[in-house]
Amino acid sequence: MKVSYYPGCTLKDKTTNLDDSTKAAAEALDIDMVELPEWTCCGATHPLTEEKIINLVPQIRILSNVRTEGNDSVTTTCAFCYNTLKRANKAVIDDPIKRQRMNAFLKDDKRIPEYDKETVYDFKEYNGETKVVHFLEILRDTIGFETLSNRVTKKLEGLKVAPYYGCQLLRPPEEVDLDDPENPSILEDFLRSLGCEVVNFPFKSECCGSYLSLSAPDAATRASHTILRSALKNGAEAVTLSCPLCYYNMDKRQDNILKLYADFSTVPVFFFTQLLALALGVDESVMGWNKHHIDPTPLLKEKGFLS
Amino acid sequence: MTDNGATYSYYPGCSLHGTSREYDASTQAVCAELGIELKELSDWVCCGASSGHSLDETLNIGLPAHTLKLAEKEGMDVAVPCAACYNRLKVAEHALQEKEGVREQMKDLLDYEFQGTVQVLNLVELIKDRVGLEKIRSKVVKPLTGLKVVCYYGCLLVRPAEVTHFDDPEHPRSLDEIMEAVGAEVLNWSYKTECCGGSLSLTRDDIVKGLVDGIVDMAKEAGAQAIVTLCPLCLENLEMRQSDGTYPVFYFTELLGVAFGLKESEHWLKKHLVDSTSLMKSLRLLS
Amino acid sequence: MPQKKIGVFVCHCGINIASVVQIEELVKRLQESSGVYYATDYKYMCSEPGQASIRDAIKEKELDGIVVACCSPSLHELTFRRTSSSVDLNPYLCEIANIREHCSWVHSDSTLATEKAQEIIETIVEKVRLDEALDPIKVPVNKRAMVIGGGISGIQSALDIADSGYPVILVEREAAIGGHMAELSDTFLTLEKSSELLSAKQREVSVHSNIQLLTYSEVEDLDGYVGNFKATIKKKAKMVDWDKCDGCGKCIAVCPVKVPFDQEHPLGKENAIYLPLLEAGPKRVVIDKGICQHFSGECSECQTACPKSAIHFDEQDETLEEEIGAVVVATGYSMYPKDRIGEYGVDGCEDVIDGLQFERMLAAWERGEGPLRRPSDGKTPRDVVFVQCSGSRDPEHAMPYCSRICCMYTVKEAMVYRKAVPDGQAYVFYIDIRTGGKGCEEFTQGGIADNRLIYMRGKVSKLYREGDKVVVWGVDTLMGKKVEIAADLVVLATATVPSPGAKELAQRLKVSADDYGFFQEVHPKLRPVESPTAGIFLSGAARAPMDIPESIMHASGAASKVLALFSQDDISHEPIVAFVDEDYCSGCGVCVETCPYGARELQGRKRVAKVIEVLCQGCGACIAACPNGACQQRNFQAEQCLYMLDAAL
Amino acid sequence: MGDTNLLDYVIQKSGQDVLSCYHCQKCAAGCPVAPFMDIQPNVIHRLLQYGRDDEILKSATIWICAACETCGARCPNDIDIAKVNDALKQYAVREGIKGKEKGMPAMHNAFLSGIEKRGRMHEVSLIRELRMKTGGLFKDMKLGIKMFKLGKLPLFSEKVKNMGEIKKLFEKARRAQ
């Protein structure tokens, strides 16, 4: 099964451990995944601008490049990139005018990288053929959690983990359509297949404050605090998620939470691919524990998952 | 209801002895002209107005009850020109009759057992119902032809209806009928009982300005040259707080005086903050 | 065949026809036309003088058939046919030529319109020329009714019919009749105990000589037609010998199967074997085969525990065939499953229940079974939040319609709750309070004020468990602010939906149901209690969400329709039906499959197609399908139609 | 106020069944001074239900209400909000709770103390006492002079001869609170 891999910008600087652990896990599960060459930013939040062209160009160019690479699907672990790519693709599939406009733009665009050379490109219209698949969907639908749990070498027995989805993975449901928006189960099943003890808590799809951490830090702190406090209250020792921005709000800014809420006790936050890599016995270098603000190693050592 | 011929007790209220002297004078003169004798209650006390009901329930009922005591002692129905005083007295009267325990409380406070033998009448009620439009028409010497007015009742004369029981709280007509009887052209408008802001005038004149301008604009829109009213508080507000500054406001008793050809009418009109004589002169209603 | 004397009566319809069609010119041309013996016109043919002119003309001119050129047949065909038969002219020799909707209303050029009117009339004249005199088909009526569903609606319909002297079979799926009303606490407006109101009716049914009560039974199939239905009823095996069982309950104690509190179930059914709330007579147990582990495993605890060995699992279901003349559908309602509303966090929350479950809790308190206890830990709830429109008025996720009864039962439940927990506080989140109906608004506003209920306008967005509380996220639009309440108990006023199996039953009865599963009425305004299938009537919430008073009204309405049907010994059916010329029929059976009304069957030794005239709706499908023209339709015979085409073209 | 909450106190004192309000906001729509209020007239009832007493007692609404009885006349459930506001004002004054609106309480106090002294209201002394408390001594000065010239602002106040009963009335009123 050959699929293009679209890491997304933050995975190349702040959260390289998400990138490395994803690639290591894929390799361990022999998922034939090739990073898309020369990828650009996906446009982050689904186009806030109503401007006709720029709000779809980045995503459609990425998706059409996947096709030129000869693959029929692209995967990513970042919830933001997944949401933006999938919704842009649906917009192009559903709306002929947008499709027409994108193809017109891409047609001219083909000449830009070659600057002076007038290379005629056998440009083929893009009609949304590329399938956008989150890495979790590959685990669930292609590999299957049954086989995944058999491939796990180190069962994460006794690790009480709260699965956190955030918003981009689930909403808007009619466009994203990954799982039931109110009662999702993909992360729960994933954690169970690794042997973890799943902690159910009501705020698993509440917003963490997202980019408000820049413009309205207190709001983001309050949002993340409500989520983490609820997870802890329901017995979680750790939280897992799949979005670098949620990770930033939930892990990096826990000391901001402490400033506002003295009674808050810190909790380690993992990318789900880190737990996956750990369970698959992949070597430590991909984990990038040092990148964590709340050091997760004491917990892992205590549970005997780390030497 | 004691029908003692044409003599009534008279309760002027503080404003009529102060900023609204012309209302007191015109009331007495017009009543005399209509054969009504007004005997002012001796040593009457303030009715408490909005301060009574705002700060203290005992004073709210106690002060007007004191006046009712004086009136009952005189044994005659009492005429009350000021709408605010009229409202307070009716509230006290209603409380004494309906509200349980008030009669005993007042007995203890004023050591007087209330009989409820005396009726409180506002001036419009007195003139229209007791005197009657026929008598008024018969007294008209100079009909106010050409004078286009709207009648402004204010809020306290007609509300709360279950207490004042006077005319219709939304569309009162009695003052309109009196003015029509003396030949004025009374126009219809929709602000008859809109509040002018009452006691807010001293502390929140910004609010009163807004309300008063609303009333004056509606009067103009109705095509009226002036507003006729029956409450000293409303007239003060309408004159003091109107941004126009030239729109005349009359007490209805003043216009009755003019229609009855009473000489001192001009004297009353001269006391107004807003000039009201030039309009009358232009209509040759004043020489 | 001697030339028929046909009269044509052209109506002006005031100006509707006369303003476009030149009437005198038309009448003059008709008088000269060959097929027409007599032609005249009048301003309003349908008026009394107009009809009098027709009657006189038929008598004086001894007309053999008439054409009335006027408006659409659906308006006055019946009127003019009655006028004809009143002067002994067979009504089916009176036909309508529509020169209003088909001519004057859609044309403006008066010369062309007049020509078209003439063509329309001459076409119909040709039809009358070959029309035969027909008489309505008479069908005997089997004066015996079947009521499906033993809730309050079914009970009321059954009683009304039985009290009028006709036998009724009341089929109830559960072991006892009473339906949801048996589970309620007090009922609004009078706050009388629901069970008390119901038990009087239940006893009446059980002792009524004209009512045959079939409990624990379901209607499998229904054939036949109005007045002559044949119902196949499955009597489910109780697997308990009711003569031996005395309701001691030892079996119940040992039964391993527990029915979850929040799963919809009849009153008293906590296990696979249970004591149904019987309306009369001694208590006796019943086994629900569906959840009994004897059939899905090998448990027979109750059998061993029974002192009277009254339990034998081998008892089989029984099937009965019943001949009936009319059917009343009274299958009632059920509650929209609350765990389908994800955001109301129902997965982990035992203390989020729906209105019916709260009724059961309140009814239990009223029966003196101890203080109000919430499902999770049995504590008495101090703060109860009612969430209105849970699943109703929600086109996006659930039901788009308003379930009509929740505003009323919620305020009542809050009032009964305040009686049960005097220091409790009830909050209600609503979008609108819809309490129309006699006395309802006063009841509601009085209830709110007297019981200090806090009504907040705003739809609840999320419920979730936190510690031992259920946190409710709502808004009070009056304050424009978010409101968060930590409640001990949350009652969802979930949508009222048809009872389970309603759609399947509709198919079996060949009756249409809307896409939610509510039975479809013929006309929502004029004929609300009749289904489009003649002889099948609708009673109560099976048709649409409604409260008990309305159910009673609809029940009696449906019963009155049955009585109207039973008041005639036979019913007449339009004679314009298909017929088969047996000489030409090759018995191919094509017509049998094509007939949408099941009005066709192959019969006799010669296997010749035969028309069940009573079921035939005269749609003509079989005629079109018949390969060798053996099948024709009365007064629409092929020859007739060809002549009509000649006249028209 | 003992153990009863403000809601019960207001219902009892004003005699108005505040709980029967279903917030149709007909009062707020017709109230002449509602635009100047920080809390709409009917929202006071909801705050009473929520027990947010402080917010109510410190509001400008209860003082700005001109008691023109429009709301009472039109309320479908016959709630006279003027009386509700009276009960709230009386409670606030007695408990010494100061709100956003400073002018009105001062004016009413000055008015009543004038009556306690003289038995009748005397505009000049009322205005003087009010301005001393709330400042703005020269406010409306121009108007005042004009009225004085027209003889409408008598400098000397009329005094009731038999003040005994008035004194007793004010004494008992204070004790009755």
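For reference, chains read A, B, C and D in written order, and residue numbers begin at 1 within each chain.
FYI, contacts are C-beta pairs under 8 Å (C-beta built on N, C-alpha and C of every residue); 3 or more make two chains touch, one makes a residue touch a chain.
All figures in this text were calculated on a predicted structure; none of them were measured in a lab.
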Any chain in contact with subunit B as well as subunit D: none
Of C-D and A-C, whichever chain pair has more C-beta contact pairs: C-D
Between subunit C and subunit D, centroid-to-centroid distance (C-alpha), Å: 62
Subunit B-subunit C separation of Cα centroids, rounded to whole Å: 68
Separation of subunit A from subunit C, taking each centre as the mean of its C-alpha atoms, in whole Å: 52
Arrangement of touching chains [line / ring / star / complete / other]: line
Chain-to-chain touches, reported pairwise for every pair that qualifies: A-C, B-D, C-D
Touching residues on subunit D, where the partner in the complex is subunit B: 13, 15, 32-33, 35-36, 63-64, 66-70, 72-73, 80, 82, 86, 89-90, 93, 103-109, 111-112, 115, 119-123, 126-127, 130, 134, 140, 143, 146-147, 150-154, 158, 160-162, 165-166, 168-170, 172-173, 176-177
Subunit B - residues contacting subunit D, complex: 14-15, 17-21, 43-46, 48-60, 62-63, 66, 99, 108-110, 155-156, 159-161, 169-170, 193-195, 197-200, 202-207, 210-211, 240, 270-273
Subunit D residues within the subunit C interface of the complex: 17, 19-20, 22-23, 42-43, 46, 49-50, 77
Residue ranges of subunit C touching subunit D (in the complex, touch as defined): 433, 445, 448-450, 452, 454-455, 457, 476, 478-479
In the complex with subunit A, residue positions of subunit C that touch it: 341-343, 345, 347-348, 462, 464-467
